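Shared between the two complexes below is subunit A, which pairs with subunit B and subunit C, respectively.
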Partner chain A sequence: MIRRIAAIVTTDFREAWRDRRVPLLFALCLLLATISAFTAADRVTQYEAARVQAETTEQATWVEQGEANPHTVAHYGHYAFRPMTALTGFDRGLTASLGSAIWMEGHYQTPAKNREAETMVDAQRFADLTPAWLLQIVAPLAIILIGFPLLARERETGLWRMLSASGIGRGTLLAGKTASIGLLSLFVISPLIVAAFAAPLLSDGAAYADQGVRVFGLAGTYLLYLAAFGAMTLGASALATSSARALGIMLSIWILAVVVVPRLAANAADLAAPAPEPAKFWQQVAEERENGVDGHNPRSERSQEFRQKVLDEYGVETVEELPVNIVGLSMQADEEFGNQIYDRQFGRLYGTYAEQRALARPAAFASPTLAMRELSALLAGSDERHHRHFAAAAEAHRRVTIRLLNEDFAYNSSGAGFGYMADRELWEQVPLFSYELPRLRDVGNFPLGALLALVLWIVLGFAAAVFGIRRWSAA
Partner chain B sequence: MIETNNLTKRFGGQTALNGLTITVEPGEIVCLLGANGAGKTTTLNLLLGYLQPDEGRAEVCGIRPDEDATGARRHIAYVPEMVTLYPNLTGIENLTFFHALGGGAKTSHDELAPHLDAAGLPREAAGRRVSGYSKGMRQKVALAAAFARQAKVWLLDEPFSGLDPHAAAELSAALRQAAQSGVAILMASHDLFRTRELATRAGILREGELVELLDPTTIDHAGLERIYIEHMTDKAAA
Partner chain C sequence: MSELLRGEWRLLYRDPAAWIVLVVLAVLAGFAIHNAAAVTAEQREAQDLHVEQVAERLAEIERPVWAQHAEAPVVMPVEPTAVLALGRLRLDPNYSQVSFWIDRDTLFARYQTASPIALDAGSFDLTFLTALLVPLLIIALGYGVIASDRDNGRLRLAMSGGAPASSLAIRRIALRALTIALPVTAAAPIGAWSAGVSGEQWGAVAAWIGIAWGYMAFWWVLVGLANTIRARAEAIGVGLIVAWTFLVLVIPALSTALASSLYPPPSALANIAEARQSQIEARSRIGEEYREYMHDHPELVEPEEEDLFLRRVTMGRRIVDRETAPAAEAFAKASRAQRRVVGWAEFLTPSLAFQRIAGDLAGTGETRHRAFREQAEEFRMEFQAEQAQWALTDRRLDDADIAALDRFRFREPALGGLVIPFVFWLFVALLAGLAARRRFGRLSPLA
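Presenting the complex of A and B:
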């Protein structure tokens, strides 16, 4: 059996090499992989160098800013930069769209800026040559172009009659062809696999604490993904009556999986659970801050209530009798009120995103690419959930910073009002923003549905191959 | 080696082979003659296990193809009318491949090359890609595979069809050599001349029935042709 399988693999390799499919596809993959590995690694390295420099400058500016009123400083604000990890060099997922720097300022929780997507040219939007993109889009195409004739050719040319008469069974033939598509594909896309490992290694990106688990997970899930395309190609090749038809079937499946289904799923999810327009979102935040969540608690009344509460707390009649600066306390109270609104509004927004993800997830059963995209971005740490983890850390830091500044203003200005100046001693008390990269378990549940979808595609592909080959007749 | 007993095959209401009883012993070359649709290829398909008989039985080296097709095929070398090979492989590479598939021991090109010599394919041609081969050259590769496998039974379907006289003569020589080494050969053919020259026995099939089984060595070419045409004319009259 092993010798027969080896003979089939050798023959298929010679055929595909000599009809120039293998050398051409290998050369194309090598070219794309080389460009991808170096550009991806360079992007991460450059970003990280810029981030470290910007953070150093930010820190120096912060500490060296001299004497200033804490509230003025709260408005001066500063950036929290998201570290770019080595794995982002492999798959940058949504990072180009979600941004990598968050402006931290009193009163405002802002979304991330520095979105590469805003400065991308059209070609980049279509084909972002990351190693992940190559493995998700180009590798399946290479597998299809390698595998489509493997069984169909034997059937249409009459080779099956010759093979069958030689004493080879359908099971051995299918085992041989499975080995052929596996090994031929592995050879052709080997540059893409090397690039996938090289891009993170060549970059100066940060590493996750559970990097090993992530790399192992990426290797495993991509293996399943590519196996799904291999199995489907074998299935189409066994079912089709000619190589041309097998190619037609598989190219149709590829277009559906890569372009049509993901687009339709995203549009359908957006229609079913629409995210608010940015302008409307911010208008609502502003309205709630001004008038309260229910619209019946205006800022002026809140301010009055808080003033009275502080006077009661200190047992005095007038603001002038207070041993603290009520402006600082009011600002912190307003900050906390605003925080509740941000938590509510952003919570609702993220809830909508989660709902959209949940709505789009079943489409993974119609497109393995959709399933792979979700798994890859999650494992590489470039999905929306990892971004939210960073945004939450930045927001927590913003709140600690503003609280320190407001409380310093409240308890230390003692009647000086906005004439009060804090100095380096206070600035140094504010902790530096230091983002600890999350582990996978910190960002939510693993999308087992996507994994299941890949397994089902493999089973479906092999079932089609077995069903197809059993229908063959040598007579 | 080959034995059929009342072998019958029907397709729907059409009887393709009706009660064929014939044996082919080692060293024999038996030709099945007949018009298109007479049941020649159906007989070969039944012996290869590609079709299941509706009645009767067939045996190849004591194995019934309808029960153990793979087992029966291990003893068979089959040369179809149109030999299909891998076009981008050379003749010797194709031979090596089919030899390996047939379960032959691991063999180098040099060890297999003499089989191509025996089949009449020049060494120079054996190193060229099969995409440039003529029908006769492809057939020689299939014959070489049959020699290499040392199969006890050879089944050939219209082997002389489309061959030039020189190639046909070479094929005859190769088949005779195989028979002399003890191979049982059953071939379907239209070629009365080659049948008369090669066959130890010739069967004439008409509408699935074996209407004549004769020893062609006892008659001349004209006699064989006359008997064949008589049977075909009977068919036309019927």
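Presenting the complex of A and C:
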């Protein structure tokens, strides 16, 4: 049987080579892969160099800022820059739309700025030449163009009858064609696979502690994804009465799965659970800060209560008798109240993103590309869950910094008020922001549904191939 | 309608593929309009809310108002034509405000709340449908328009009436083109009407339909030309898909990658860090800056109660504005250079040319958003220069002063030069159409 399978593969390879599909597709993949690997690695390396330089400048500026009032310094704030990992060179995921720098200032938790998407031209947002984009978009097309005639041609040219007469069964033929599509595809897209490994290796990006698990996961999920397109192509080729029809079916599936459904699903999810417009988002934050979460805890009452509490604590009658600066204490109390509001509002914002993801996920059963995009971005650490982890770390750091500044103002400025100046000693007490990259288990549950969708596409593809080939007449 | 045309119409009418294309396109166009109309309405509502918020904040301040408390909204009007192309509407900011406390770095701040999932996927609108999907549907309906008949020997029968192959191809292509153009053409005015397009804006809608027709014509000409090649319909189909992949995916991806590599913009992160350094260093030079400022403005008198805080903010911002200007200009220059490279790529693929001009006609393209950022920054400088003079002389504003405050008015950028690549592609389509007609003329029914 193995010899027969080898014969089928050899014949298919020869034919595909002769009609120039294989060399042309290989050359195209080689060109795209080469450019993609170098530009992706260069992007990560340049970003990381700039980030390290910006961090160094930022830290030096912070420590060397000279004498200043702590509250002025809280307003100047400082920045947290998100590291770009080597795996982001493979799959940029959502990072271009998420921003990489968070301004940590007093009173405000801010969303990340410096979104790469804003400096991209519109076309780049759909056609972004990363190794992951090539594997998600171009590789399935290459597999379809390689595999569409494999079974249909045997049937339409009548070759199947001759093969059948010579003792080759349906099972052997299907096994041979499976090996053909697998090996031919592997050959054609091999430059894309090399680029996928080369881009992270060539870059100076940071590495995750569980990098091995991630790489293994990426390799496994992409194998499933490409196998799904291979299986579907075989299925279409077995069911169709001609190669042209098989091609038509598969191109329709590719258009739906790759071009239409991902965009349709994301837009429909955004319609169903819209993320708030900035004006609305900040209006809600301002209202809750002013009136409390339930609208019954206005700022004026809160400050009055706080003032009384501090006076009682120190056993004095007036603010002037206090050994501390009540302005500093009040600002910290207001920060802590604000933090609850931010936790609630940003929690809701990220909740909306998660809801959109959940709403779009069932569409993965109509589009393996949608499933693959989610899995790939998660494993490469370029999805919104990893971003949230970074944003949470930056926010925790902001809170520590602002508390230190407010407390210094409260306990050391008595009498001097805003004329009080702190110095390097205080700036050095503020810990430097250092971000530890998360492990996969730190960012939430693994989307098993997406994985299941890929497996289902493979099963469906092979079932169609088996069903189709059984209907063939041997006569 | 001639008998031949009626015959072709009957054939198309019985073709399930044509019905599938028509239904799919109508459903997708319906969703595209619905989606774009919802996003457009949401953006306009947010702009109104923002303007109200600024007005409310001003109204709540006790009169007379200290000059430093004055602020003004800056808004790039979202036109209802955005229903045709959402472009950069959800990505780039289209409103903000200018006040005493805003600097170049914070003019547009805290606006990044849009869903990254939707941003990454891209907008589902009529321009996406026309730019990416319509060419595929054209290929699906047209790859075998003549070649299929030639493959199965029916071309001889079809040409038995004496009509040349070119007439047959034109008839068939025209009917199929109508099947695809109809939903797109109908969807555009329906969407525009439902979004509230009025007056001169209909001109932009008509222009959008015009360029959509031009773009579709290019693809039909390409399909027609491909049908003159002596190859099986299946091979023609594959060739056209490869052409689509190149024109719609590969060339845009390569050109943008090339543009970023040739003209990498200065690092935004380095800009941030330098701006911060400049902000903090400015603190120590405020006195000197103030002396120079007062020297340059002899009309100003020293405030009676010198406000150190306001002086610090004003002078600090002047220093930072001046020192960060070269970095901002370098960034803008690199972006312009990148844009030029991608602009040249519009001569390599009509897809890029169509998408850019469609976005700009709808008022959501890069040209308009870039103009808004530049104009908002200009306005900030002007507004703050005036405000600084008032603030430094303890000037307070009454209602009349507030009403007379400088207002931001967005000036529409000129779009003239943007049509050149698209006109080029129309010319290419015309030449290719003439070539296809000539080649069809040479086609023998016995071929």
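Operating definition for what follows: the second predicted complex is superposed on the first by the 475 of 475 C-alpha atoms of A that agree within 3 Å, B and C clash if a C-alpha of one lies under 4 Å from a C-alpha of the other, contacts with A are read in each partner's own complex, and residues count from 1 in each chain.
Convention: a contact is a pair of C-beta atoms (placed from the backbone, for glycine too) under 8 Å apart; a residue touches a chain by one contact, two chains touch by 3 or more.
Keep in mind the model is a prediction, meaning the values are calculated, not measured.
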item	value
Side-by-side fit of subunit B and subunit C on subunit A, or clash	fit
Contacts of A:S413 with subunit B and subunit C, given as first, second, both or neither	neither
Included angle at subunit A between vectors to subunit C and subunit B, based on C-alpha centres and rounded to the nearest 10 degrees	90
Subunit B versus subunit C as contact partner of A:S180, first or second or both or neither	neither
Partner touching more residues of subunit A, whether subunit B or subunit C	C
Touching partner for A:N325 - first (subunit B), second (subunit C), both, neither	neither
First (subunit B), second (subunit C), both or neither touched by A:L129	second
Nearest Cα pair across subunit B and subunit C, whole Å	15
Subunit C-touching residues of subunit A, taken from the complex the two chains share	28, 32, 35-36, 39, 42-43, 46-47, 50-51, 53-55, 57-58, 61, 65-66, 68, 76, 78-79, 81, 93-94, 96-101, 103, 108, 110-115, 117-129, 133, 137-138, 141, 145, 242-244, 247-248, 251-252, 255, 259-260, 262-271, 274-283, 349, 352-353, 356-357, 360, 384, 387
Residues of subunit B that touch subunit A when the two form their complex	45, 48, 50-51, 70, 73-74, 76-78, 80, 82-89, 93, 96-98, 100-103, 106, 129, 142, 145
Contact set on subunit C toward subunit A in their complex	28, 31, 34-35, 38, 42-43, 45-47, 49-50, 53, 87-88, 91-93, 95, 109-124, 128, 132-133, 136, 140, 144, 232-234, 237-238, 241-242, 245, 248-250, 252-257, 259-261, 264-265, 267-270, 272-274, 276-277, 279-280, 283-284, 335, 338-339, 342, 351-352, 355-356, 359, 365-366
Complex interface listing, subunit A residues touching subunit B	3-4, 6-8, 10-11, 14-15, 18-19, 157-159, 161-169, 473-475
